[in-house]
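As written, the chains take the letters A, B, C, D, E and F, and residue 1 is the first residue of each chain.
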Amino acid sequence: MSAQTLRDRLAGGRPLFMSWSMLPGTLGAELLAQQPWDACVIDMQHGLIGYQEARDMAATVMALDKPTVVRVPVGAHGLMGRVLDIGVEGLIAPMVNTGEDARALAAATKYPPVGERSWGAYRAIGSAGLGQEDYLAAANGLAVSFAMIETRTALDNLDEIAATPGIDGLFVGPNDLTISLTGGTSLDAMGTPEVREAISLIAAKASENGLVAGIYCGTPDFALTHAELGYSFLAVGTDRGFLAEGAANALARLGRG
Amino acid sequence: MSAQTLRDRLAGGRPLFMSWSMLPGTLGAELLAQQPWDACVIDMQHGLIGYQEARDMAATVMALDKPTVVRVPVGAHGLMGRVLDIGVEGLIAPMVNTGEDARALAAATKYPPVGERSWGAYRAIGSAGLGQEDYLAAANGLAVSFAMIETRTALDNLDEIAATPGIDGLFVGPNDLTISLTGGTSLDAMGTPEVREAISLIAAKASENGLVAGIYCGTPDFALTHAELGYSFLAVGTDRGFLAEGAANALARLGRG
Amino acid sequence: MSAQTLRDRLAGGRPLFMSWSMLPGTLGAELLAQQPWDACVIDMQHGLIGYQEARDMAATVMALDKPTVVRVPVGAHGLMGRVLDIGVEGLIAPMVNTGEDARALAAATKYPPVGERSWGAYRAIGSAGLGQEDYLAAANGLAVSFAMIETRTALDNLDEIAATPGIDGLFVGPNDLTISLTGGTSLDAMGTPEVREAISLIAAKASENGLVAGIYCGTPDFALTHAELGYSFLAVGTDRGFLAEGAANALARLGRG
Amino acid sequence: MSAQTLRDRLAGGRPLFMSWSMLPGTLGAELLAQQPWDACVIDMQHGLIGYQEARDMAATVMALDKPTVVRVPVGAHGLMGRVLDIGVEGLIAPMVNTGEDARALAAATKYPPVGERSWGAYRAIGSAGLGQEDYLAAANGLAVSFAMIETRTALDNLDEIAATPGIDGLFVGPNDLTISLTGGTSLDAMGTPEVREAISLIAAKASENGLVAGIYCGTPDFALTHAELGYSFLAVGTDRGFLAEGAANALARLGRG
Amino acid sequence: MSAQTLRDRLAGGRPLFMSWSMLPGTLGAELLAQQPWDACVIDMQHGLIGYQEARDMAATVMALDKPTVVRVPVGAHGLMGRVLDIGVEGLIAPMVNTGEDARALAAATKYPPVGERSWGAYRAIGSAGLGQEDYLAAANGLAVSFAMIETRTALDNLDEIAATPGIDGLFVGPNDLTISLTGGTSLDAMGTPEVREAISLIAAKASENGLVAGIYCGTPDFALTHAELGYSFLAVGTDRGFLAEGAANALARLGRG
Amino acid sequence: MSAQTLRDRLAGGRPLFMSWSMLPGTLGAELLAQQPWDACVIDMQHGLIGYQEARDMAATVMALDKPTVVRVPVGAHGLMGRVLDIGVEGLIAPMVNTGEDARALAAATKYPPVGERSWGAYRAIGSAGLGQEDYLAAANGLAVSFAMIETRTALDNLDEIAATPGIDGLFVGPNDLTISLTGGTSLDAMGTPEVREAISLIAAKASENGLVAGIYCGTPDFALTHAELGYSFLAVGTDRGFLAEGAANALARLGRG
C-alpha cells in the first residue's frame, strides 16, 4: 500500500499521469516507478506478460511506494482476485460492455456485501499493515475497480454500468472504441467526431455517478487534452514506446534515423 | 500417482491432514512433502502461484510419493484439465455456489460419460503407470474433485451440488463462509453460530451423499475439532504461516519477539 | 509473420504437416522448427505449458520464418487475444461444441465488424512489418481460427459452427471424438465406424463452407490417410513422442529396449 | 540502500541478528524481511539459488528498507560485482583461506584505489539515490565485505587476512571450521575445544583490526552465546529450518509429530 | 539418492548406459528418466542450461530414483559444491588437463581430509535420508567425481591425474581429444589411430588406479564398442539428437525427409 | 549467424553502432534489434542478467538476423564457451589486464590450435547452417573476441595483449579506465587528458596489430567523436538509458519533468 493511496490521490483534484508497462521484467518496471509518475500500470491484456511476471512487477513497483494498477485480460474474473491479492491499488477490466459485465467485475473485486471476492489476500494484508478484520473492513475502499468503456454496446449500456455498485471508475479505450464505432475501419479517435462525443459523454457519466474518469492516452498531448476534459486518471505511452523513442533518438543523432 | 492413492487413503477411515502451500517454489513444497503430512495442497487461488510454478511444485510433491492436490482459482474450468493432466490426485474448486457450478466442475474434471474432460494427459498416464485405455477407464476414479461450499448461495443449493454426479467431496471455506453469512462483517467462524451450524450441515450432507467432507483449517486445533465433527480431509495452516512462526520463534528467543 | 503466410500455404493445395510441441522450452521448439515441417503447433491445452513459456516458444518458432499455431485451453477466450498479440498465424480452440462456442471463438479472434478482438497487438504489428492501420485492415486474414470438432454435440451443431463468420477451419480431435461417440469407453478412432464417418463428414462440411479441414494425427500413417480424405492441415506426433522414440531406438540398439 | 545503512547499524554497538534464506523465491524472502530481523542474508553458496533468483530476492528485501547481504559461492569473483551492482549492503565470501584470497575479495568488491571493482552499478546508484560521482566516492563504504574464516589454513593466515585493506569483517563458518579442525570427522563446534578457541581468536583479531566479527549460528542460543563473545553480525537459522519447524509444530499438535 | 546408488551400480560389473540432456526443461528430462537408462546426465557445459534449470532437472530425475550426473562447465569449481548440494550422484568435470586441475576437482567435490568441499548440503542430506554426521562420514563415497581426459596435455599428465586422491573416474571426451590430437583439424575419433590408442590407454590407466572408465558416445555403436574396451560408464546420444531423430523419422514417413 | 556476419561488417570500413542491453527480457532486446543498429550487445557483466536470460535474449536477437555480442563478467572463462555455444558473433571480456589474461581469453574462445575451446556448440552449428567439420574449420573466424582495455595495468601490457593470437579486437571501457588512471577519483574521461591519450593509443595499437578497435560510448556524441578517432565498433547508450529518456520526455511534456 503506498503512503498516499491511489484513492486519496484521485480525490486530490489533480490529474494523475501513469506509465504503462507492456514488457515483462521487474527492472524496467522499477526504472519507470522511480520516475515521477503518479502511478504505474502493468498491462496483462496486451502486454505480453504472464501472471508470474505481473506479480513480480507489481511487487517491485509497490515496493517503491508507488500506486500500482493492473489491467487484466478480457473476462478474467478468476484472475482478478489473484491480482488484488498481491495488494495492488487498482484494477482495470477491459471490454465491460453490459450491466452484467459490470456486476461480474464488481463481484470479482469487492468483498460482500458489495461483491463476492474471496478471502485469502495475505500478501496484501501484510502490505497494508492492517490486521485481518481491519483489512476486511477496508478492502473494498483500498483498490479501485475500473470498467473499460470501449465499444458501442458499452455506450448503449453506460448508465447501467456506471450505476453498478462496486465500480469505482470508467476507463476509456480510445483505440477499441474507435474501431467499434467505425465498424473496424479506423484507429483515428480524434478524427472521428462520434468518438470525441463518446469520450465527453463518458466523462460526464463518470462525474454524475461519482466515478473516476480514466483514459488510455497514446501521447502526452492526448493526455493533456483529456485532463482538461475532466479525465483524472490518464495512462500515457508505454514502455515499448519509451524504449523505442529513446533508442531512435540516439540512432538519429548517429545519422541512422 | 502415489503408492497408496488419495482415494484409498480417504477410504481408510482416518482423517487426513494436509499442508497448504501458498509460496511459489519447488524446494519449499518438497520440504513439506518430506514431512508426515497425508497430502499436500498447492493453492493457485490465493497463493500467488502461476501455472508454471504450480506444475513444477506438483511434480515435485508427486515425486515424493505424496498425494498432491491443487486448488484452482474461481471459475477456472479451462485450467482444471491442465492441472489434472499433471497427474495430481485431487482438485479443489472454490465458490461452487449452484448446481450449475457443480456440473461445470464435474464436466471439466471427469471424462465422459460423467463429464467432458478432454483427452491428452500424457504425463499423468506415465505417472500412473497405466496404458492409455486403462487410464481412460480408471481416470474418473483417480482424482478427487472437491466443490468448495463457502457462501449462503451454496448452502441454499447444497442438495443439488452434493447430488451432482462427478463431485467427490465438499470442502468448506470457513473464512468466505463467515464473510458471506455475516454480510461481510466478520471472519470469526467459531464465534458465529450460523457458521458452526452450516459446517455441521455440510458434513452431514457429504455423508448422506457418500462424499468426502473437507475443510480448510487455520490451526491444528480447528482441524482436530472438525475431524471429530466428521471431516476427513483437513488442510492445516500454510507455508506462509509455518515459515513466519518458525522465524518468529527464533526472534522471540533472541529477545526480538 | 512468415515469408509465405500460413493462409497462403493452406491455399496452395498441398497438405501441410505440422509438429506438435507439448514440452515447455524454446530450444526444443526451435529444433523442430528447423526441420521441414510446414508449421509448428504449441499446445497450451494438453502440453504442460504456461503462457510465458508459450509466448517464448512461439516467438522462437516465428523467428525461423515458420508459421506458428497455438492451441489454447478450453474456453480460454481471454487468452486468445494474448496469443494472437504475439503474432502467431493460427489458433486452435478445443471443444467448440455449439454455435455459441463458435461465435465466442470468432469474437475473441477477429476484429470488428466480424468479432470483438481488442486492439494492442504491438509485437504482432512489428512482426508483420505493417503500419497500424494496415494491420487493422489485414489482421482478420492474417491468423487462421480453427474450431475443434470433437464431441457428439459438436457434430449435432456442425452446420451452425461451420457457417459462423470468422471461423476459418475445422479441426478434428480424434481421441476426444472417439471418447464422446463411445460414451467414454474407447480411444480407437479407426476401429470405430461412427468416428470414421464423422471424420469424413467434417471434411465435407469444411469443404462446403470454404473452410480448412485439419486433424490431429497420432502417427504419420494416420496423417497420410487423412490427407487423402481431404484434410490439409495435419498435426503429426508430438515432441514427447519424438524424444521418447529417438531415445528408445538408442536403448534398443544397446539391448535395453 | 536502507534508511539506516548496515554499516551504520553495525557501528551502533548492538549485535545484529539476521535471517538466512536458502529457498529460492521472492515471497518467502519478503515474509522474513517483514519481521524484525536486523538484516537478511541470501545464500548463493549452499542455498540452491541461482543468480536470477538471488537478484530478485535481494531487490525484494531491499525494497522493504532492510539491509540485504548475499553470500556468494567459493571463488566467485566475477559474480561479486554482479551482486554488488544490485545494491546490496553486504557480501559474504566463503573459504577465504589466504592473504591472496583476501586480496582477491577486496579487489572484486572495492573500487580503486582499494580494489579493482568495475564500474556499472546503475541499479545500485539509483537505489542509493546518489549521483554517479558521489556514488563512486561513497561506494567502498556502502557495502560491507566479509571474509569467511572456516579452515585451519585460514587460521594460519588470519593476521594477513584481517590486515588486508578492503576487508570489512570476518565471518566464521562453524561447521566448515569444525570439519577442517577435526580432519573431516565432526560437526560439533561447541564440543570441540579447538574450535571454541578459534572462534574466540577470530573475534579478537577482528577487534584488533577494526573489523566486524560475524558468525553463522544454527540456533538462537548459539547466537546469544556468541553475541556475548563479541560477535555483532549473527546469522540465525535458515528459512528451511523455520518452515520445517513451523510445520512440525503443527504436525505435533495433530499427533503426527 | 537412488535406491541402488550409482557407485553400487558401477561396481556391479555391467556397463552403464546413460542419457545426456542438453535441452533445458524438467519434462523432457523426466521423460528420459522414465526409460531404462542406467543414469541420466545433465550437461551444463555444452547444454544451454543455467543453474536454476539444471537444479530443477536434477531434482526431477532424482525423484524417479534414477542416478543423476551433472557435467559442469570448465573450471567451475565454485559451482561444483552447488551441484553436489542438490544431491546428485555424479559430477563430470571437463578439461582436467593437469595434476593441479585434478587436485582442484577433488578439493571442490570431497570433504576433508580428502578435499575442501564446504558444508551445507541440506537438500542432499534430506534426499540421502541420513543424519548430518552420517552424511559427513558417507558423502565422499556417495557422489562420483569424473575427470575428463580430452587433450594432449591431459594425456601427458595422465598418471598424475589418475593417482589424485578424490578422483573416482576418468571420462573421455572423444571430440575434444580428437581436436586436440589433430591440431584442430578433425572430429573423426575412430579414424584417428592416435585417438584410438589414447582411448585404450585411458581405460588401462583407469583400471590400474581402481577408477571407473567413462566415455561420451555419439552413437549406440560407439558405446557398445567401448563397453567391450573396458568402459563401464557410457553416455549415449543427446536429447537434441533423440528429438531430432524421432521427428525426422516422422517426416521421412510423410515424404518430407 | 546473421546474413552478413559481424566480421564482414567490421571489415566493411564503416563504423558499427551497437545497442547495449542491461535489462533482462527478450521483448525489449527484440525491440532494439528491430531498429537499425548494426549489432546488439547483451551485457552480462553490469546488466543484471543471468545466463538463462542472456541465452534467451541472444537467441531472440540472432533470430532477427542481427549480429549479437555478449559481454561476460570478469574472469568468466567457463562461461565464455557457453555463450559462444549459443552462436553469438562476438564476445567482450572485461578487465583483460595482462598477457596472461589475453591468453586465457583466447584459450576459452578459440578452438585448437589457437586456443582450447571445447567442442559441443550444437545450437551454433545449426544457426550457422554448417556441417560439423566445416563449423570446426570456420569457428575461430565466426565469432570476434574483444579484450577490454580499462586499467593502467592493461595499458602497461598493451603490446602483449594486442599481439596475443586469438584476440580479434580491443574494446575500451572509458569509465573504468578513468577510474583507474585517476586513482578512483573521477568518471570524466573526456576531461582527463591521460584518458584521452590512452584512448588514442589503444586505437593505434589496434590498427598496428590488425585488430578491431571498439569502445563503450555513453552518448551518441561520444560515439561520433570516437568513430573519427578510428574506432569502428561503438556501443552507444543502454536500454536503461533509452527507456528512462523516452519516459522522461513524456513526463516533461506533461509538466512533470
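By definition in this document, a residue touches a chain if its C-beta (ideal position, glycine included) is under 8 Å from a C-beta of that chain, and two chains touch if they have at least 3 such contacts.
What you see is a predicted model, and the numbers here were worked out from it, not measured in a lab.
Ranking every chain by how far its Cα centroid lies from the centroid of subunit F, the top place goes to B.
A count of C-beta contacts for the chain pairs C-F and A-B puts A-B on top. Here the CA centre of subunit A is 41 Å from the CA centre of subunit D.
Centre-to-centre, using mean CA coordinates, subunit C is 53 Å away from subunit D. If each chain is reduced to the centroid of its CA atoms, subunit A and subunit C end up 33 Å from each other. Listed for subunit B are residues 24, 27, 31, 48, 50-52, 123, 240, each touching two or more other chains. If the chains shown are joined wherever they touch, the resulting network has some other arrangement, not a path, ring, star or complete graph. Every residue of subunit F that touches subunit A in the complex is listed here, in rising order: 17, 19, 23-25, 27-28, 31-32, 35-37, 48, 220-221, 223-224, 236-237, 239-251, 253-254, 256. Subunit B makes touch with subunit C in their complex at residues 50-52, 55, 77-79, 81-82, 85-86, 108, 111-114, 116, 118-123, 132-133, 136-137. Of all residues in subunit E, only 26-27, 30-31, 34, 56, 59-60, 63-64, 123, 126 touch subunit B in the complex they form. Taken in their complex, subunit E has these residues touching subunit F: 22, 24, 43, 45-46, 48, 50-53, 73-76, 94-95, 150-151, 173, 175-176, 179-180, 183-187, 238, 240.
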